[in-house]
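A, B, C and D label the chains in the order they appear, each numbered from 1.
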Amino acid sequence: MNSRLTKFLPWLVVGLLALFPLMESTFYLQLLTKVLIMAIFAMSLDLLVGYTGLVSFGHAAYFGLAGYALALLAPKYETVSLWWSFPASIAICALFALITGMLVLRTRGIYFIMVTLAFAQMLFFVFHDTKLGGGSDGIYIYAKPTMKLGEMELVNLEKLEQFYWLVLFLMAATYMLLHRVLGSSFGRALLGIKVNEHRMRALGFPVFRYQLASFTLSGALAGIAGYLAAVQYGFVNPEILSWHQSGAVLMMVILGGMGTLHGAVIGAFAFVLLQEVLSNQAWFGIAAKHWQLAMGMLIMLVALYLPQGLAGLMQRFGRKPVAEAADD
Amino acid sequence: MDFAFFLIQLLNGLQYGLLLFLVASGLTLVFGIMGIINLAHGSFYMVGAYLAWSLSSMTDSLVAAILLAVPLTVILGMALERLLFRHLYQRDHLYQVLLTYGLILVFEELRSIIWGDDVHGVAVPALLNASIPLTDNLSYPVYRLAISGVCMLLAAGLYFLIQKTRLGMMIRAGASNRDMVQSLGIDIKLIYTLVFALGVALAAFAGMINAPLSSVTPNMGSQVLIICFVVVVIGGIGSVKGAMAASLMIGLAETFGQVLVPEVAGMIVYVLMAIVLVWRPEGLFGKA
Amino acid sequence: MQKKSTYDRRGFLLGSTAIAGATAAGALLPAGTALAQQGKLKVGLMLPYTGTYAQLGVAITNGFKLAIEERGGKLGGREIEYFTVDDESNPAKAPENVNKLVQRDKVDVVIGTVHSGVVMGMAKVLKESGTLWINPNGGAGAMTGAACAPNFFRTSFSNWQTTHALGKVLKAKGHKNAVFITWKYAAGEEMMEGFKEGFEKEGGKLTKELYVPFPQVEFQALLTEIASIKPDAVVAFFAGGGAAKFLKDYQAAGLKGKIPLYGSGFLTDGVLDAVGDAGEGVETTLHYADGLDTKKDKAFRLAYAKAFKLQPDVYAVQGYDAGQLLAAGLDGVKGNVANKVGVIKAMEAAKIDSPRGTWTLSKAHNPVQDMYLRKVVGKENKVQGVAWKALADPARGCKA
Amino acid sequence: MISNGLPPSPLPEQGGNLGSLRSQAVTGAPILRTRGLTKRFGGLVAVSDVSLDLHVGEVHVVIGPNGAGKSTLTNLLSGDLPPTAGEVMLEGRDIAGLSSDQISRMGVGRSYQKTNIFLPFTVFENARLAAQSRTPHALRVFSQAEGYAEINQRAQAALAAAGLEHRAQRIAATLSHGEQRQLEIAMCLATQPRVLLLDEPLAGMGPHESQRMVELIKKLSADHAIMLIEHDMDAVFALAHRLTVMVNGEVLESGTPAEVRSSPAVQLAYLGGEELLHD
């Protein structure tokens, strides 16, 4: 792949994806919408795992929190404006990430993995055990948020393809944002912290503050995904912040190849697609009943033989070394 | 709550704590000595319980089932270490998380294929099938007390193994300096295989002797998994002492939490964990 | 493809428990094929086939298919084409999973599911799509309450129903106060409400509500509390492994025989093999029981055992009745499923001759059914009589 | 190409502030001083009651056998370890117990005994990150990192000073050991420190490379206060303005090289009577 192509490839992909609603307008469009939402979620986690060297096993907390924020901010039977509910939900996530970040960033390695999990579990039980958000049965968002400019409806979220375009736009925007951020001094410092935290400190970088900023940004971006996921089906349930969800998004990041933004996107596609294919009874018959067996084995194979994920697999066919991936 | 019931709840809490220790002890060993983060620990617990059920229904004796099953789980542990885990020691924890997450799915489905999705019970051994009356309408099952005894024996045994034996010395040295041990001509690979097998066997053993109490059900592994992690992390990774302290702490917190603050009982252990880690980021008995 | 997706009679009679898999149809059918199959009725099964509730999913599937098979594999003169989705009992994926059936496979009717949370997720999507929906288990009150809709039907129970009749039962036994213990989650709380209402109407007093964090199974602390409260009776709801462990712990704590234990029928369903004699004598209410000894029940049990080499349970009955209800609907319109109003009308009017006894639908489309009082005798939930004749869910909040 | 020495003006843009530093000068107050500095690990005393001064314009060499506490001392000064007792004064301000990043930002740079660089990055990026630490621009998340001329210049200059400018685009992991040591120093320089703590910069270097490094340190000593830990006695005596000998965590002797050389205690305890110091 030459560098020119690499540069334009993301735009080409986004362009092609934008055309998708012309071909298919219901199920696969909604599935793709979901994949794109998960791609935002995966990118937000990749910022932590792949670029800051922090393995969070509780990232679903921020995803789910945004969904619940929308559900609780919206009046029960009336529409809520996206203009304030969207930033408000994300601000709540960012704030929660900031607070939890201050605590979890005191720990390292396995402890970090476990403490992030603990905070997610806490939040899980808050929504599962109390009446705050409808308990274990979840809560509905009856009317989708509106996006109006004056009296004009800018985007009608009830319309599947309009919602899809909005999600696609936000996915591309997230990609762009992270791309810029990671190329900035801030991003370089994060990479440095990932590679050699100790040295960064000796060089005079206030490592904790950088990590906290990254953690907060990551939480906020997960919030974008969570908000969109809640809007898509109008339904949130405690399960969206369970450790299974945190595990799933971590799988996406690693499957795609951590430390590459497009890897996170590829991972989200691959993960959802794999589930679709493996559980497809038309193709696998009775074996599809045990599709999770195949899923588990595939995950293990990736862990053993594809440490750089699918993006790494692509890279092996003649691209730059991994360490430079952030330079492009 | 009057004083007598307070004492009984105290007993409940301690007993539950010991039970937690039983499951978590293997995890902390593998964690601390090999630096492996093993999400599939709960699956070994489940495998133990199902083995206890299927073998005890064949042999009509839980003891016989355990005697048969423990060697099987040791072999399982050694095989897994050789085939899978060995390749991940030098890698980031992330890949261990990934691999063991995959293992959970595999074990869960294999369980479904081999043993089905039913709920099963294992009979308490006749000798221990009795209760000690505590109040006019409450009594304490002897089997629970027996398990507590086993837990304490096991704790003592582990402590002895690690602190006093040659194997334990090698294990400790291996934990602190892999290269050094290797240069002394000790086969570190063998030690790791043994430790991992020990960890698997401990988890499975916990599942076995707990089977008569907990009943044998699908997904029982993932229920204990998270709480085990909490125990290990609060106690300090790799510390048997810490695992014991943390288990008892959690046992008491859950017991009194359910009675005194039922509204937030579900999250009480996580709050506890967060507090401990903010106060001591490396756990109660962890090395900095 | 076409051949494979048709209902295969021999495959059915082989009695594979994984029958769902064998008969499912293509997921990615090209448009042309879909047209060619217009003659068939598309039935989407969204049930758990993996995880904790896998067994329930299979039982419901079996029951449903038995009902269809008894009608020659046809409903309203139309052959059936099945589409299957494993919902994994994961509410987070529920809307997406039900969309597979509604949007991708364009099924005429959705059958599902077990988990209440997933039911709630399905409700959201199916309300919008208007697809006919028969729920063969999940008892979330809202489905036939606040979230009810003309196209929503349930052939099982509402959580409220399964414990409401216990109030009368306890009163009749002379218990003046009781403690309720369950998991802290929606189904548990709804069952607690159902009992509380029934018991207080009879002048009883619910002394204390005890909750165990879901899905924990460490009951010792609360059993100790029960012993210190010394209520006249204990009422419990747990299910599956949790129920088995609760029954054993209750016995081991010495409470069995001192404080009588009652419960929602799920406390003792499907776990009696696992608990030894710990369940003996426990009395529960449910819409089904062992030893009903009606002609219909006997025939059903025989046919089910023959087809699947398994004993049926309450879940199989609910699945079976889902098939019967759908049959009634389609018979009413001669198979013209496009006439949705007609189907709904016919289903609303149906009198279902169920193994559990005849039942009809309430306005909110929940069964109005007899609640049996059952008592554990050996490995059976033996019927003791009818605790409440034709109990209807109050369907609070249902405006449809 | 590595052979002869430094480029003429290693750190051009440092000229201004270094001039003012130099005016504090050798004879004035020490820029960094410790008093009673002590570090215990459990029962073990690694550093005990160490007092020493560093002056701009001076190379202060610390020698001692392995395990004498030299590296621990460095760690105490750089903030990698908090001292158990004692004070560390940087220009009159007690910095004991501050974190390493705070101390670094106050102008204390260090290199590590074990090469401690960003192996997967290019040589330039290593130096650039180091330079960036002085002007972090952390909030300008939309400006690309390479866009700051003054940072690039500083990185370039530091590489040039360490003799690595021709390696700028190489991945650090592919450098030779000696070059990695040079990079270590370059990164240290790019942070524009006034105090340099160099922990065995010559370890594992060939004679050629060592020679260059000695030249470099000599050059740097003009406008930096340098604490050097070193085993290579040639280098020690070529560079040292002051010499401190540590044994078992304690200062055995401290003074000019001549004073230390003639100290009987040193002769006896550290050198075991051998004639190692004669050359």
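Note that a residue touches a chain if its C-beta (ideal position, glycine included) is under 8 Å from a C-beta of that chain, and two chains touch if they have at least 3 such contacts.
Bear in mind the structure is a predicted one, so any value in this text is a computation, not a measurement.
Taking the mean of C-alpha positions as each chain's centre, the chain lying farthest from the centre of subunit A is D. Subunit B and subunit C have Cα centroids lying 35 Å from one another.
Computed centre separation for the pair subunit C/subunit D is 75 angstrom, with centres defined by C-alpha atoms. Per-chain CA centroids place subunit A at a distance of 44 Å from subunit D. Among all residues of subunit A, those that touch two or more other chains are 125, 128-129, 290, 292.
Shown for subunit B are the residues in touch with two or more other chains, namely 108-109, 112, 265-266. Residue positions of subunit D touching 2 or more other chains: none.
A list of each chain pair in contact follows: A-B, A-C, A-D, B-C.
By the touch rule above, subunit A contacts subunit B in their complex via residues 49, 55, 57, 103, 106-111, 113-115, 117-119, 121-122, 125-126, 128-130, 243, 247, 250-251, 254, 258, 290, 292-293, 295-300, 302-304, 307. Note for the complex: subunit C touches subunit B at residues 50-52, 54-55, 58, 184, 210-218, 220-225, 227-228, 230, 240-241, 243-245, 248-249, 252-255, 258-259, 270-271, 273-276. Residue ranges on subunit D touching subunit A, taken from their complex, read 78, 80, 99-102, 104-105, 110, 112, 116-122, 125, 128-130, 132-134, 136-145, 148, 151, 171, 187, 191.
Only residues 26-28, 30-31, 34, 125, 128-129, 134-138, 140, 232-235, 237-240, 242, 244-245, 276, 279-283, 285-292 of subunit A touch subunit C when the two sit together in their complex. Within the complex, the subunit B residues that touch subunit A are 31, 37, 84, 87-88, 91-99, 101-106, 108-110, 112-113, 226, 229-230, 232-233, 237, 263-267, 270-271, 273-274, 277-278, 281-283, 286.
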